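Quick one: this structure, given as structure tokens, is what I'll be asking you about.
Letters are used for the chains, namely A, B, C and D, taken in the order the chains are written, and counting of residues starts over at 1 for each.
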Amino acid sequence: MDIELRGITKRFGEVVANSGVNLSIRAGEVLGLLGENGAGKSTMMNVLSGLYRPDEGEILIDGKPVQFNGPGDGIRAGIGMVHQHFMLVPVFTVAENVVLGVEPTGPLDSLDLKTARAQVREINETYGLEVDPDALIENLPVGIQQRVEIIKVLFRSADVLIFDEPTAVLTPQEVTDFFKIVRALREAGKALVFITHKLHEILEIADRINVLRAGQIVGECLPGEKTDLELAEMMVGRPVSLEVEKKPYEPGEVLLDVKDLTILREDDSLAVDDVSFSVRRHEVVGIAGVQGNGQSALVEALAGVHRIAGGTIAFEGKDITRASARARHQMGIAHIPEDRLKNGVVANFSIAENMVLNSYYDDRYSRGVMMDWNAVNERAAEYSAAFDVRTPSIFETVNHLSGGNQQKMVVAREMSRDTKLLIAAHPTRGLDVGSIEYIHSRLMDARDEGNAVLIVSSELDEVIALSDRILVMFKGKIVAQFGAGGRPADKNDIGLAMAGAAL
Amino acid sequence: MDFKRIAKPALLAGAMVLGSAVSAFAFTACQVTDTGGIDDNGFNQTAWKGVTDAEAKFGVEGRFLESQAETDYAANINSLLASGDCGVIITVGFLMGDATKAAAEANPDQKFSIVDYAYDPTIPNVIGQVFATDQAAFLAGYLAAGMTKSGTVGTFGGINIPPVTVFMDGFAWGVDYYNKQKGTNVTVLGWDPAAKEGLFTNNFDSLDDGRTFAQNLYDEGADIVLPVAGPVGLGSAALADELGTDKLMIVGVDADQYLTNPEKNHVYLTSILKNMDATVMQVIDDAMNDHFMGGLTVGTLANNGVGLAPYHDMDSMVPADLKSEIETIKQQIIDGTITVGM
Amino acid sequence: MSEPAETPTEKLAHQLLQKAAPSRTVYEDLIIVPVFAIFVALVLGGLVMLATNVSIDTIGRSYIALLTGSVGSLGAISETLTAATPLVLAGLGVAMGFRAGFFNIGAEGQVLMGGMAAVIVGFSFGGLPIYIHLPMALLAGVLVGGLYAGIAGWLRAATGAHEVISTIMLNLISFRLVDYLLKVPFIQKAGRSDPISNAVLDSATLPRLLDWVDPNMRVHAGVFLMLFMVWFCYWLLFKTTIGFEFRASGENPDAARFAGMRSGLIVVLVMALAGALAGLAGANQVLGVLGRASPGFSAGIGFNAISVALLGRSHPVGVLIAGLLFGALEAGGRQMQVDAGVSLDLIGIVQSLIIAFIAAPLLVRAVFPWGFRGKAASRKE
Amino acid sequence: MAMDAVATTSTRKLDTAALRQSKIAGVILILLALVTALVFAQVDGGDAVFRLSRPTDPWVLPDLVVPAGPFNWIAVAILTFLGVRQWLSKTGKGTSLALGIGFAVLIAAFLVWATAGKAFSLTGMLQATVVRAVPIAMGGLAGVLSERVAVVNIGIEGILLSGAFTGALIGSLLGNWVGLIAAILVGGMFGFILAALVVTYRVDQIIAGVVINLFVLGLTSYVSSQVFSEYRFLNNAPVFRAISIPVLGDIPVIGPMFFQQNIFVYGALIMVAAATYYLFYTKHGLHARSVGEHPQAADTLGINVYRVRYIHVIMGGMVAGFGGAFLTLGLVGRFDDNMTNGRGFIGLAAMIFGRWHPVGALMAALIFGFADSLQQKMALLQTPIPSEFLAMAPYIATIVVVAGIVGRSRMPAADGKPYIKE
């Protein structure tokens, strides 16, 4: 099945997400769609899958124009999408998720899960996916969840599969497995679209590459034709350096010392299991690991917002295991939370208010119980300017800022305080290259000024580029250490460790 | 306001025209109801009937204000005071005692009357209307004791206040008297006149409480139930209607509920009458004709202020002996041979 | 500061301090929508009356009565203020809860418990001068109301029990508890078998303000308490660090916790404050209006307070306006029944419609598209 | 699975939530044991007699005679055992079960104590329990249906009231069957209004519910005082009579409870069963739950989130309309101002108590109904405990349970959140 997009334009209010996009998708081919975050890749694919309706332009399937009025139409036309954020109901089983919307039924509308399971197994065997149809989604690792998404699409007998940033949450090994599946699908004659901003992946798997920037297609090429630097330049629109500039590694004294730390989740399962490590001044420690292996709980426990079930945390030699989040802030621990909208900002507050969200009680901003709003506003303006937060006024509410500016605001807040230790969880997730570069350089500045930095990221490239030392977490334990005189930070080795392989 | 008159629905349209010409009436009688509402088939309705009777007979204008909660009493009296043209303000219910007193003292020129409350000392511009309901309830208790097949009768009240418990007292004493006379052992569930404790719904408006309380008493063996809780008793009547009168009969209160609850009238053995309509009308008459004197009117069996309603449908079921015994006891109470009480 | 050598960053910082002019939509939301809402609600109320066979003539008279009964005379204004005072006080409590993200349905119970405490102090301690006794009684109401609501706050903080359920349950418990307390010999009025308390002594009564004009004017010193509390809540919310914590927790509890705010403490504090305000409303009722407690003396104030808080958009000044509106409707509604014989239950219908329209600007815009020339469509919601 | 993970490293002493809860439960149980020992076990002889059958029943069971003292000392022993066991527990397992058993034992001990030397009809009380539970259960089921698609329905109270009102009005005019259908339809209409407000006009869900409550209360009270007091025939509906089911209705105790009731009780039981089947075993139930858990996922799979929400909120409204009609057409045949009197809110509590499951909501409603009917019996028996405290007991128990257990139970993930399609 071949698909042709002609002159697709999609607007949200005054924001133009896509303008006049032309694209062709062919059976038995992997089309790589390269673009930065916010370039309009996902919007375009949502248009294609029928989730959004285009404002202009048309979609042709095998030469015939079609109109989609909802995602159901896209599915019926044989277009399936694997979203970046999985569209799986966590409390349902694999089989239930797979059949949702196209359930086999028995008498009285009853669900025929037996048939569903059989069909899941059949797809499993055809493409070598190996997923237990009766497992609950919430108990599955992300790699397997992705396969469930693929089964879901195949179950609807899709001929076109769209993958939106499919590798964002996978280990390198899982990526390898995933590519195998993609190739198998290509062999089976499916048309595949692979959306990403990761250059080397697209060079590895795509048969043809389209580059999207600011809502428009800015170029098409074959994998062999362009180098990764050239592609990056097409994607960003200006020359970029892929390296992070880093001064030599000269670690200072131990600042953070974690011993035998154990953390439980709400349901009493182990999130972090007997972990010990330390972070020094002038040092960036990266924590690598597939999402869901305890990194989030670890960061939250260090920041003082997660209950600790056992072990100790010492900061500058003082035991802070039971210290409150505020006490830790005051001691100089800053925390860039992984989910900024959920945990980092109050979206309906102004930039000024957000800027003092964790320091409003400080003498600089208040007298006794009275807030000193003039002082708050002046500082907020100062920091917003210094950290390049682009906004007309600091009285704008944060939900009017773009994701990158929100993140810069959080970074400004955390780094403008008297910080000694900076804990940054996924500091660049979902940002454009410009913002990423900016935040990376700020993190490096922090290290060079003598702070300790702890970075958690699922982007292995980012962790490797920034860190002096890398700890790998798997199932709540630290299973390997790389860099700083130990084992060299080899991407493949780290990937193996992330997947739990013994080294 | 005329819109709500129960007595003359046929005059609806005409009354509305009249209602728009407020000043056409020489005298206005105003009433504040208690929370049960004007259409409770009993207490408030009977008191309001006194006003409508006066409308028909003396040509006065009547208006009322419903209390939605106990806290409305003072505000409602105030509203009527503010409207400025009430010849007399009649408050209905014991619970309004304090509010009425306060208003009467603040407005010594306004005539007031209150149903079910007696001030001691009396207030010059208030007539308290109280009733020796226990006398009539005594007869009902005797009757119930004579009629029960299971040997158990029951009662429950709205709130544990004297105007309610006086019914239950009389009823229980009447049953006792029957037991003493006949050597029987009829028991009364739901009220202990000595301990002043019993079964109360703690409201005057929940019909389904009326049903479940009656069901509760029925489960424990009662085949005659006296609900003393205004419209709550209608729920008990619904249960009796469903079970059939061979299993459960109801004794009505305040008005003759055979007449006020025509839909389910066959369940009423009798009703304990508290003729507030007569006293209310009397008070209006006095106020109109400047006979108004603060103090107390007491309704008794002797002056027909209280009484026992006819048996209506049950007439054939009540043995003639029992009827005549009740007549005798009534006379004995009137002439003082029997004192109702412990 | 007019130093010439401003760096570009400083210049930018200076620009960032500029405030944008309030947009047209703000003005529409704050003025046009409420006015339309009240208008439409009254029209629909008239339609309901028509549907129930009330003549046009009577409908006209009832709305005139509604107006004269609420603001038409000094006596009417007195009644409006009397009715509005507890609504505003309890409404402020509910609004403070909303601001901090707690849906406090328990105001009714808090009104009851606060009122009971105020009554008990109010009839005890005879012989004290008014400037000691009255504040004591008010304080008792505040404290007990706060403690009672604090239970729900503590349960939420310590165990995660949802406040909607716990406050509903605490309401139900308080109804029974008041029934019981009113029969305790030392509280129950002597010589009565029904649940009613002793009368509050004169030295604990909120003085009436206009009884020298007409003894029936019930407006009392509680009005000043209410105005003070409106100012206090405004100050607390927007000028203090505690208010900042409340608002942040309400908008995004996770972010507030991550920012080091003590969520447990905030829950307990804000619930205690909400309860204190509701308790003050209860004290205001028994010390200023009723003079004693009887079952159900809260008369739905706590439930109406939820509406008042919603209508006032949880802003202290908004709550004041909404409370006055509801008070006016209540006082006027009574007059409506006296003058036109229209049941004052109609007011309930009108109130609910006003809230519906104010809560759904989209709906009002749909009904009156010509009232909104500012392009609503261009706003990305 | 979670437990296994801890068990593998059991040499460490971990501060787990289960253990904390187990300890708290242990303390509660031991306190209950103390209360039982100091109060309920202090009876001087006397048997408690529970009547299980009415004399008219086909198979008459003998009265249940319980020697009060010994029985309650056994209760003390059971409570102490459970308490100590939970306190010492190393795994923290079985906390809920132990608490459940503990409360049941406590209630039994209380009943025996209150009845010592007296007698009452246990069957009658249980039958009243079911009757009292119906509107609460229907309110709870309505809540389950709408919250399963992530719409919080605070307006259940108002919808119950609208059902009661419509049942009385239409039932009076056109007979009880038409009245019942009308009540269901009007309930559905208010469900539709709620759905329109929250789904289409994106009004805050709580505000929309409050508006419905206020509106229905105002409208029904207005009509009842403005119209019903004048035209009494409009408020006099025929009541559905109890229908005894052959054979089943003759079973002692169970028969009167469940099989000698009117169609409302049968209807409620059938609806709970049907809703359970529907939600958990059918295709459309799966759709509904997916909308409540992850509306975006459902949307991408071609399930119309808005339509599903409309349908289920309307269904919930219809169920609540049915439950409301019970008050008028099933009990007293007459509408009265605010006659639901907070049952809708208790229904919401029952829903949470019952963990968003139809059967759970029914069970919780039965507990509330039991407490209600128990209180009436106790007032007749004249126990030394003031009836007000008895009336409070279920509410206090609810708080304890919600604080202790439901804190951990999971509501539909998207509950209360509007879904905005781009």
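Throughout what follows, contacts are C-beta pairs under 8 Å (C-beta built on N, C-alpha and C of every residue); 3 or more make two chains touch, one makes a residue touch a chain.
These figures come from a predicted structure and were not determined experimentally.
Asker: Which neighbours do chain A and chain B have in common?
Answerer: Both-contact set = C, D.
Asker: Taking mean CA positions as centres, which chain lies farthest from chain C?
Answerer: Relative to chain C, the chain with the farthest C-alpha centre is A.
Asker: Which of the two pairs, C-D or B-D, is linked by more C-beta contacts?
Answerer: C-D
Asker: Using mean CA coordinates as chain centres, what's the chain C-chain D distance in Å?
Answerer: Chain C and chain D have C-alpha centres separated by 31 Å.
Asker: With chain centres defined as C-alpha means, what is the inter-centre distance between chain B and chain D in Å?
Answerer: 37
Asker: Go ahead and note the Å separation of the Cα centroids belonging to chain A and chain D.
Answerer: About 44 Å separates the centre of chain A from that of chain D.
Asker: Two-or-more-chain contact residues of chain B, please, as numbers and ranges.
Answerer: 3-4, 66, 68
Asker: Can you tell me which residues of chain A touch two or more of the remaining chains?
Answerer: Where chain A meets two or more other chains at a single residue, that happens at 12.
Asker: Would you give the residues of chain C that are in contact with at least 2 other chains, written as numbers and ranges?
Answerer: Each of 54, 179, 343 in chain C touches at least two other chains.
Asker: Going by the touch definition at the top, which pairs of chains touch each other?
Answerer: Taking the chains two at a time, the touching pairs are A-C, A-D, B-C, B-D, C-D.
Asker: State the interface residues of chain B toward chain C in the complex, per the touch definition above.
Answerer: Touching chain C from chain B are residues 1-4, 16, 19-20, 63, 65-66, 68-72, 74-76, 78-83, 94-95, 98, 102-103, 106-107, 159-162, 165, 196, 202.
Asker: Considering only the defined contacts, which chain C positions touch chain A in the complex?
Answerer: Touching chain A: residues 9-10, 12-20, 239-244, 247-248, 251-252, 254-262, 378-380 of chain C.
Asker: Once bound in the complex, which stretches of chain A touch chain D?
Answerer: Going through chain A, the ones touching chain D are 12, 49, 51-52, 70-73, 75-76, 81, 83, 86-92, 96-97, 100-103, 105, 108-111, 139, 152, 262, 264-270, 273-274, 307-310.
Asker: Can you name the residues of chain B that touch chain D in the complex?
Answerer: Touch list, chain B to chain D: 3-6, 9, 12, 37-39, 66, 68, 189-190, 192, 195, 197-200, 205-208, 210-213, 215-220, 231, 234-235, 238, 241-242, 263.
Asker: Applying the document's contact rule, which stretches of chain D touch chain B when the two form their complex?
Answerer: Residues 54, 120-121, 123-125, 127-128, 131-132, 225-226, 228-232, 236, 239, 241-242, 327, 331-334, 336-339, 341, 372-373, 376-377, 379-380, 382.
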